[in-house]
Amino acid sequence: MTTVLVSIELTPSGDVRPGLADLVAHARSIGSPVGVVTVAPGDSASVTERLGAFGLAEVLVAESAAVGAADAEPRVRALVAAAAARNPTAVLIANTVRGRDVAARVAVRLDAGLLLDIVGLHAEGKRVVGEHSVFGGAYLTASTAGDRMTVATVREGSTGEQPSPVTASASALEIDDTTVPTAVITEATEHARRSERPELRTAERVVSGGRAVGSAEGFELVERLADALGAAVGASRAAVDAGYISQDHQVGQTGVSVSPELYIALGISGAIQHRAGMQTAKTIVAVNKDETAPIFEIADFGVVGDIFTVVPALIAEVEARR
Amino acid sequence: MTGSYGADETSVELATGLREFFNEHCGLDRVRAAWSDGSLDLALWGEVAALGFTGALASEEVGGLGVQPEDLVLAIEEIGYSGASLPLVDTAAVVVPIIERYGSAEQRASFLPGLISGERIAASTVMFGGDRAMFAAEADVLLLERDDCLHLLDRRQFSTVEVHSPDPASRLARVSVESSVLSDATRLAAGATDDARGRAVWAASALLNGVSRRMLEMTVDHAKTREQFGRAIGSFQAVKHLIADAWVAMESSRPCAWYAAHACSQGLADAAAAASVAKASASDAARVVGDSALQVHGGIGFTWEHPLHFWMKRGKLLEHAYGSRGFHLRSLGAAMRDDQQGSDAVFPGL
Amino acid sequence: MKIITLVKQVPDTWSERRLDPETGRVDRAVSEAVIDEISERAIEAALALKDADKSTTVTLLTMGPAGALDALRKGLSMGADDAVHIRDDALQGADVTITSRVIAAALLRRPWDLVIAGNESTDGRGGVLPAMLAERLGVASATGLDSFELTGGAAGGDLVGRRSADGVDEVLRLGFPSVVSITERMPDARFPNFRGILGAKKKPVEVLTAADLGLTDLHPAVSVVSVAERPPRQAGTRIIDDGSAAAALADFFASRRLI
Amino acid sequence: MSALTETTLDVATWRDEVRGWLKAHLPADLTEPGALTGPEALHRRRAWERELYDGGYAAIHWPKEYGGRGMGAAHRMIFQEEYERIGAPPRLNIQGLMLVGPTLMEHGTDAQRQRWLDAILRCEQVWCQGFSEPDAGSDLASLRTAARIEGDRYIINGQKIWTSGATYADWMFALVRTNPEAPKHRGISAVLIDMRTPGISVRPIRQINGRGTFSEVFFDNVEVPVANTIGAVDDGWNVAMGALLLERGIGRRSYVKYVPLLRTLSSLTTSTGAGRDGAALEELGTHVMQVSKYRHHVGRTLAESSNGAFGPEASLNKLFWSEMEAALYESGMKLLNDLSALSDDSAVLDGYGRWEAEYWHARATRIFAGSNQIQKNIIAERVLGLPKEKR
């Protein structure tokens, strides 16, 4: 079996991003995954323990005093060292803002081919082929780096697979500490989770509100329906621009792309940029006063009506039928 | 400057800049707001002035941009298209260049800076229709036509009484001036009247063509999306021909205004006739386009809530102001009648 | 300070977008090409620094076909000083590896302190170019910044940026020369005024080919092997609320086992 | 640079050159009314075309390699304006120069170009266009004239109609059906036919204005070499569509042609006393406006085409001038109604009869070269993007 390196992204508090499950699943489809992680000196054991839960049996751990201070550089150096040691067919990295920085630099340093935002991975002979969902799922494309090593960024939530836990064993990875210019992180704060709601990017259900919600207070209605259905909360760009909700809830071309089982659009007209971020949802429901709203063109079930009368009644119905 | 037909790069670039600005800053809600409260949107006025529009035709020596009328004619179309309810055209295309050309040193010094910067607003009775002017009540400066002469007045020198306007967002007022006010000190130099008339007419024509262009665009969009008998109504030949006729009227009118601006800028012999051609054809086009637009929109176009009527009524106002179709056609007929020996007043060089 | 802002022309996102079924690249023929909104914000960020310190120069750099000159003109009319247009038919459809090599080569031709780019273009969504450039140039980078400021003046100071991404708020500090990318949370671009539009034509635009940059062996690292279009979604049931819509919706959820 | 402002020396010089040459070479009596009637007319027109050729003005828009001057639309329009201004006769070989020549340049073989282009330029061959048929008017693709291939020859049977100049043309540029099985747009070929071939008979159609400028042409087992096909066999529709765009496009007539008509209307208005009447002045003014609009429309189209943005104005062009022309003669007829007693008074007008004939002819212009209703469909569908009608 060929080796596939899987880059592990830790939050500032040392948590593993849940999207690692997707990376491991994709890695398994072409080879055997080997985790690569950088931690502060002394943290190797504790992180290794937690990685088994993601199905990673083997982990290369680099300890570096620069972790948490230097931006991408420690992870880049660990992956380059791991690649030199293990000669992998591919290096998989989460398609997050930080992950893409790591991928960009690793690809240049290894002279590898870079596949971006993949949702699937398979081998064709010796070639590694990545699959991409383009323009909100309107197209599926496949691309390959041919004979080169592949560095790929992986869309979190693209497999939905639950990993089978194993016991992870760690080996130490030596990385040098030569100084190259890098941005220094002087402060890092994790967003407080405001509720027990699922994370938007990987949620199975999403309830989103648009400009027609009218106010930040009005957005409570969106949140109440989300809670009744156990859904994550999303928003259109118009709602974000109007200041009803923070930007990390934005669904669409310049926000998060989601592909849930159920997507409910409340007071969202469905501009093409919004549709690009949600039209691969399995079931789409829309409530909008404007019968000409383009969202109705793609909705499995559309209600022409006022969200302020329909949604409270719907919450009551859902709770009554529970 | 060679852009007699508006295809000149500068003209297109200024118009594109203005269109992008209006797309962002003058959406339907802002157009609608001007209709409901009827007050001048001073914030929007300030923003458009800051773009350089009000001083565009003034020379660089007085703080303007020194562009020629043919460089601005497409931008004026965009104002009509946008639905912005502002006295921009009178200020930028007529009052500012006329003061610079025909004003005394004192008049230039006291009026031009504020008008170019947008701090002051101008109204003009030139060719508008009697002693009425658009936004005269809101104006700080009035260009008044009286006995074939032009006078430049500041706010203390004239009073206004509001009169009915078919377009509530383009407020009209009748101006009155004590005869003692008018003097050599207020009068502009000889030649100002004809020049100002020509400018007012070509600029109004371009503005009106922009209004027609918006109505036609709304109509085409509606015909593509509105379905009856299971298909888009734009697929019916009867509807197509209504719209095609409207398009021909509008597209053949636009270059007339472009040429009139060029003839004005170059002082060509047929400048006055060109302005009349521009205004008569723009009025024709607005009527044909407006009628087709209303017919194709059907019932929805007849509601206050649908935006079509904003442009339709502005079109109706402009159709009659600055010399009606009939007025300009009679001028052209008379010019042709008197042109037997081949003067250059109508068709130069022939 | 000398700033270079990267500019990209993209298909208008307000129109339908298509992929060319042969190449898998964005079909640029179907929609009007416009300057990418995020590029406009990047230019705005550079011009804001120029507003604060008049000695700052802002150079625009783009790689694209002849029509991309329109995007440069837009930026010049906003207030940038000059522009570089890498224009070469051989670069049509270049992948990010080639693009980063070409732009890095162009950046090496002139002195600069800061490169500002958008975090991701609306047509590519790769979001890796700024970091690839930084890597090729051997400089620090900070991507996805929602805001940034300069500390300590033009000489010897730092750039301090904030980003909020993937559930973490961070403050990053880096020196010069460096590459940053900004998000759409940065301020909206200014509108070019008429004076800017009139002046833009007189500003210099340097046109370069790949050969001018000494690059001849440009082979893509990645090739597209297939493109499939998904059938468009069909509209389903639509009802007009007469008071019973909530119940009908709940029935619909139940029928799909969503409640 | 727009054509009509003449701010560059080049364009202004060109106008002077054309004006000077025409003044020096056009026989004065050719511009007189009635000069082109009678048996000598055709001879005189051919001689004039030869004069134009010798002066280098036969086809200024043709590329230099084919004997033209390679001039663009703006220069061409100036030539046309000056040509109309001096009142020179209508071009005899318009189909050859505007339609067949450019089509051969685009779709013909080298041998075909050598055989025909120079002869067209010298007016040694006058051409007519054989597109319309009794059952294929606006719906041109329904044409039925059949060309069966036998060896290296077509055997052609069928009928063309509304063919201008068929009575004196040497050659016809015809569309014929070569594959009756194919979908109707696909089985058509563009074929060049020598009008002297046995089996061709021409019958002038007497029109409502009493004239016979259009003819019916009948084909009875007419043998034509397959080598006379332009473009591929069965690909004639594509060849013809390019040709029709040329026919509707800019450059064939300028506003100048209508100025004398305006002057005539103006004198009629004055001589009847209608000139004191506001309504009559308004009507005259309407025509001044329309002719000016046509002028500026053409100017705009030229300006845009020189910027490389040649638009769909071709349809607007034909629609506009044909309606304008019809309305101009309509006004004249109204004024002449009051003047019927003076209908032969050439001091007022060159004969009521001639005006009436032109009035009727101006109604034909709304029909030929794609009826105005077809033009409106083209505008609606191709310019404005309205959906096609279900047929």
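We call the chains A, B, C and D, going by the order they appear; numbering starts again at 1 in every chain.
We take it that contacts are C-beta pairs under 8 Å (C-beta built on N, C-alpha and C of every residue); 3 or more make two chains touch, one makes a residue touch a chain.
Which protein is which chain? UniProt says A = Electron transfer flavoprotein subunit alpha/FixB family protein; B, D = Acyl-CoA dehydrogenase family protein; C = Electron transfer flavoprotein subunit beta.
Since this is a predicted model, take the numbers as computed values, not measurements.
Steps from chain A to chain B, minimised over paths through touching chains, total 2. Chain centres here are means of the Cα atoms, and by that rule the chain farthest away from chain A is D.
Centres computed as Cα averages put chain B at a distance of 39 Å from chain C. Work out the mean CA point of chain C and of chain D, and you get 52 Å between them. With centres set at the average Cα position, the gap from chain A to chain C is 21 Å. Taken residue by residue, chain B touches two or more other chains at no position, since every residue touches fewer.
Because contacts link the chains only in sequence, without closing, their graph is best described as a line.
Screening every pair of chains for touch gives A-C, B-C, B-D.
Contact residues of chain C toward chain A in the complex are 13-17, 19, 24, 96-97, 100, 119, 122, 125-132, 134-136, 138-144, 160-161, 163-175, 178, 184-185, 221-230, 232-241, 245-250, 252-254, 256, 258-259. Residues of chain B touching chain C in their complex: 9-10, 13-14, 17, 20-21, 24, 50-53, 56, 65, 67.
Listing the residues of chain B that touch chain D in their complex gives 2-7, 220, 223-224, 231-232, 234-237, 239-241, 243-245, 247-248, 251-256, 258-259, 262, 266, 273-274, 276-277, 280-281, 284, 326, 328-337, 339-340, 346-347, 350. The residues of chain D lying in touch with chain B in their complex are 1-2, 4-5, 7, 85, 255-256, 259, 262-263, 266-267, 269-270, 275, 278, 280-286, 288-289, 292-294, 296-297, 299-300, 302-304, 307, 309, 313, 316, 319-320, 373, 375-377, 379-381, 383-390. Residues 11-12, 17, 71-72, 96-98, 100-101, 103-105, 107-109, 112-117, 124, 129, 134-135, 137-146, 148, 153, 180-191, 205, 229, 247-248, 253-254, 261-262, 271-273, 279, 283-285, 287, 291, 296-306, 309-311, 313-314, 316-318, 321-322 of chain A touch chain C in their complex.
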